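Both complexes below contain chain A, partnered by chain B and then by chain C.
Showing the complex of A and B:
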């Protein structure tokens, strides 16, 4: 709802706010360059403001999804491993040690992972961080009182499927703590990606004595450079320095600002207006969730130099047309091929905001090395679609006179699954003799319907985003036949259950060398592509403004956002 | 007066009871499972069932409603994991998605809407009624046409447009005011006011027009009535006629309108809150509907309805004050 409101508000005032941009930047802020040359590595001070549209949700490490939204959790919760914060290039997509001394030692064919904590680690109250606390933090995430985390821990750890958390007095025996600084994980099957999973907030230590259940999020105990001063239900969060943290015990975070204030619930056009004007405290502000809108785009190369204040990032995500191969006529590969040929990717991209915010996709894996990206385009339609080839495939499928199908989409305007994108697909397919009836549902209803095999429509718009930059979490939930979830939460929309594919997924999961695994994931994606189980449409691009006194902004390759732990304010 | 209050209280309780039942029923007719949303992506059958049980949405509808009513009268216990918290009566339950007590979520946002509404009300009454009276007195003149045009423009401009324009002008270009951000009155009254000026103006500008037009027509009607003519015949000054007699009679419909507006806005001014990023009841309601958060939806709806009923009761009392022909019964 808020999205559509923001959209019409944005179109209504696009012209006017671009005027504001033109006049606003001359207003000057209170920020001033220091006398000394500015070096983010040793510069400390100031207050960084984060202006966001969506709120932070539950600020409890047990309840965040993987590494949590908006790059703020990493400021408070240190985890066994973390993504490489020190660089914005492709190397940033690698896991590196954080609380642990290394990214983990596999044994028993990657079914057992052992970690040792660095010496001298302390919480915000000065008490030492122990391996037992990491175990307890993970155990909490199994409690039904604290839902929200990703399913990996429940699926991977032995006994995880039935464990109900520590509040009923039980421990999870597959996590062992032989001493205060050693923790050992026993997994059901080999998982070479465990170092990636260990970046999730569930791997942050939680001292049992300080646990207050659902109320823990009001003041989670910090292990990172900042501690929580106040948290108003994830809407306004104020962070201050943690006196027991120092760069001596953390080589990943710079923690420049003395204070960080997160304000959310703001209108998206107002966020852009404020960052463009960049006056007062807003000159030291950023956003981690609002892309630039038409008004900023129009002024980007103007005299006020907004182009220099835009960070461009790529999040590993693919928007695609999902086929349910259990529904006719999508059980017929030739029909799926015909639709693949006919799709006009450029018109879909135009429908969701243009080339500034998306690039066409022909592979299911995102086009980044870390995922194992292997280029292919088996049913080339160019960017605009190939109706002739589509008609030919349709005739081969036994429908020489065209066909009528239904496409499901959401009612949320401006998104990849919204009515605009659906209409763009409808128009392109019409040229190939495929008549598309549109069927819209409200977002929650849509998610429930499409993620349950019994109610899943034959053709619908869908997206899959990376839980971490590796091929495994990208391909397995979508193509592994054993991950067809009958009760809901299913993302294997094609309902493919091919023993060969399942076996290959298991084989790659045993590989502990990311580069070797990436190559195999890429090959698997290219093989799956030949079966036309999805029609990849586009990968999103993030473009976000930052205030004029914010420095050292670079974008993480892990999730396309700039890294708050390295930013400084002048 | 006592009978009036008693009767009103009983009917208010009945209205709220029926309303809460209707919201429960409607909630079940709408699609979406709050447990799926709370549980997160990739939540499978068994885990989902446990979470659903935790929320209590696995119970039949009538039982959920019964628990809700019990909580209102006797309070409820809530399991926070590490310990059990008691939510004292009247307990509106706990949010499915934020795990906060609903009453606390509402009362923490109420000051936003009270500040927004009362401040804006002062502005729109002064502007609206003033314009209306002036237009009535200068009927057919240039003043009237100008005022009518201006108020019409205000009425037909959406609040988010006025809000964005005002922010651009006052915050971006001129830098007179900060970009609004709600500051509680108790923290800093000056900051409270300076941050609220723009939301007040936006809300007042779109509302004032209706008051101007209502006051004008009602004023013209009253000016044509017998007692005004009699007053003039007795030689009362025009000023006494207008302010002492005509205005008083003309205010009755304005009071009705005011009761509806104030009652409605106290329950949330969603668009204004959104444009300025204020966390009020309107935003809370929209968010909780989007997040299938039944306890919060019921709580906010009941509060909003209560304000409307209350405002109407106040209006009835004010009628009697403004117009001696009306009596409270």
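Showing the complex of A and C:
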């Protein structure tokens, strides 16, 4: 199954640009919103500009990854469920109904999920939205012509593994539509996380008559508050109001601005400079993919009042040192422990921008409740590492005189997999008698190489981001032995295949109560942590500037982003 | 025409020591060139004595000092001028606190060694190929000249990046850098040499050697090569700063030396995000790079003036001093 591109897309968000998605204030940061009660009626109109580094790619609901798009897709595509738009912080990290009347009714032990559409839903052309269109939208995402979505639908739906999309005249029988407003999903295994998956853009309705295949991305039919006016291959997208959308049928989005213009391909320092200066149209601008850099941090508390214009968000993501246990000497747990002790997390964090944009990690799960975060630190080295303990572990491993290893990293400066972070690891390990040779690769080569078991290096810098705020999509692709993908797209770097771990993952997937599941995921993570299969380095913090005339910016912990559907520029 | 010819020949051979003296005398009158020579000597000394100087300071180029940078502001060094003081003479690197002075000194080794190595490769290849083109038959000349055109027309940087990326990791990076810059840059020296060979080839003393039974190889070695020395040395000196900049450029783009090895280009590359908050960290490697390029250029220019055969022969013809030789 092609987990590859999809998952890489998710982590690529962070891998590429100096961290991708987040921002806002209210939730974690200090926005303008707090001063006076925000009444959306007073804040209608104007043009919101989004200044981005990465482009939107394919603006087709079938081709967006779960965490892709920087919250722009949610303006155009409504889905069965959506993340809670109405609140920031951890409370936003839960699914709520969107097109559907509830977050889904499970039956047959969470193997069957039933949804009913709200009445009165319309597309941008005034035609009603039907359950058949939701089914068709999901079926499209199976077409080989439209790759890019997350792998879960193919994995979960009965018959999904061989279905090739609707263009060859076949339907996917595991999705049933008994009437215009009811849709039923039949899964091949219990999946308590189905309401989370139903937030993905693949669950947006697509009218069959308007489907133009690969060209649909030029003008996807809107079910949300904005419709696409123009789309220059994802580089510049102009959105205007959808006259058939209203707040009466959507309690999640406020849609303040009349118009939204997304500009991509900008240099990250330029984005920061423009938002800091905040002149002209830039005063009504935000970014969904560029963190503040040192130049902004230094001026943060200055007379410009930049501190008030920074939104802080937390995306569930962990940057770590990945071991390939099939490569010597990393098959030896003691060697992995030695490296775990020796790592200097403070140096790594400094290398990628300091404590403002990252916090040290000792657990693989992000430190958020929704994931089932359970604190542990089995190989404590403090923030600076413990060379003495590391040497001891190394001696126990049979290398009393030190060892020479190779660390793979990318050539992209300033990122968690870049040369600065690699040098920080190298320097810390040197103190423990571990000589590290560095091997750099260009980013795309790096992804290809590290995601294929046959070419995977022994030790490399890697990150894993959440497809949704739950332990399952965080742990399963990285530690489930059945997810070792020989043909590429593999993220089980340690190549762990332990029947007990696999069985526990299956058992937790059956739980439909998020809190109960979270506790079990947390325990599983702590158990895995004892084996030193990864060295967690840091969790990123998203800090994004916004223009001085932007209001109601807040960030949920679903993906650490400002919520574009709630922001206002007036 | 034949008079000029007869006068330049001895310049190449018999009176070589005398000519050298002459060049030095002319050079000595050029204060800028002398100052540049002094600066070059200092830079070479700086590079050679890097371990000694760093030792004197009590630092090394790779140790992190997390306590000297402010992680909360992204890693800006504490203190003014990039944290400069008694322990760190020129401050520390933002983000990791490595000593800037030690890194500059060790970086000078890489920058200068790569530039000199690349220049030697360029000049050696250029001279050989230029000689072959100038002395070979028409076919060889055509083929080699087109090859020169091709190499000169190459987008050097793009090819260098591609080459640097495909070479296996074990290969020492500075040597690789010198080779890559050298191999991609022999075009213009070859063209200069070929032109010079063509003009020398038609001179009477070369014809005399040929009539006297000298073979092609002997003519190249004994008659032509000495005559090339002046222009080639000048060209090499002017080429050197270009190569210093090339190394910096490649390292700046992240395909040069590998961390933690310092080089000026690499320092500049990391410095770009810091220019606003830690200007010292940008100014130091940039300043050194500027001074180095300027010094080599000024000295190369001075030497060219001192060696320039046209200027020299005009002088000689005018005074009739050398006509007796």
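As a working rule, the second predicted complex is superposed on the first by the 529 of 570 C-alpha atoms of A that agree within 3 Å, B and C clash if a C-alpha of one lies under 4 Å from a C-alpha of the other, contacts with A are read in each partner's own complex, and residues count from 1 in each chain.
By our rule, a contact is a pair of C-beta atoms (placed from the backbone, for glycine too) under 8 Å apart; a residue touches a chain by one contact, two chains touch by 3 or more.
Computed from a prediction, not measured in an experiment: that's the story for all the values here.
Asker: With the two structures overlaid on chain A, would chain B and chain C clash, or do they fit side by side?
Answerer: fit
Asker: Which partner does A:294 reach: the first (chain B), the second (chain C), both, or neither?
Answerer: It touches chain C, and chain B stays clear.
Asker: Which partner chains sit in contact with A:442 here, chain B, chain C, both or neither? Use first/second/both/neither.
Answerer: both
Asker: Taking the superposition on A as described, I'd like to know which of chain B and chain C A:477 touches: first, second, both or neither.
Answerer: In the superposition, A:477 contacts chain B only.
Asker: Contacts for A:265 in the overlay, against chain B (first) and chain C (second): which applies, first, second, both or neither?
Answerer: first
Asker: Could you look at A:164 and tell me whether it touches chain B, chain C, both or neither (first, second, both, neither)?
Answerer: In the superposition, A:164 touches chain B alone.
Asker: Between chain B (first) and chain C (second), which does A:277 come into contact with in this model arrangement: first, second, both, or neither?
Answerer: first
Asker: Would you check which partner chain A:421 touches, where first means chain B only, second means chain C only, and both and neither mean what they say?
Answerer: neither
Asker: Where does A:212 make contact in the superposed view: on chain B (first), on chain C (second), on both, or on neither?
Answerer: In the superposed model, A:212 contacts chain B only, not chain C.
Asker: Decide which partner touches more residues of chain A, taking chain B and chain C as the two options.
Answerer: Higher number of touched chain A residues: B.
Asker: Determine, under the contact definition given at the top, whether A:413 touches first (chain B), second (chain C), both, or neither.
Answerer: The answer is second: A:413 touches chain C but not chain B.
Asker: Minimum CA distance, chain B versus chain C, superposed model, integer angstrom?
Answerer: 8
Asker: Both chain B and chain C contact which residues of chain A?
Answerer: Residues 269, 442 of chain A touch both chain B and chain C.
Asker: Can you list the chain A residues touching chain B in their complex?
Answerer: Residue positions touching the partner: 1-2, 5, 9, 12-13, 16-17, 19-20, 23-24, 27, 58, 65, 140, 143-151, 154, 161-162, 164-165, 167, 211-215, 233-235, 263, 265-267, 269-270, 273-274, 277, 279-280, 282, 441-445, 447-448, 477, 485-489, 491.
Asker: Okay, in this complex, where on chain A does chain C touch?
Answerer: Contacts found on chain A: 269, 293-295, 297-298, 300, 344, 346-347, 349-351, 353-357, 384, 411, 413-414, 419-420, 422-424, 426-428, 430, 437-440, 442.
Asker: Looking at the complex, which residues from chain B come into contact with chain A?
Answerer: Going by the criterion above, the answer is residues 31-33, 36-48, 50-51, 53-54, 79-83, 98-100, 105, 158, 160-161, 164-165, 167-168, 171-173, 175, 178-179, 181, 271, 274-277, 279, 283, 286, 289-290, 292.
Asker: Spell out the residues on chain C that touch chain A in their complex, using ranges where they run on.
Answerer: Residue positions touching the partner: 62-64, 66, 69-76, 94-96, 165, 169, 254-255, 258-260, 269-270, 273-277.
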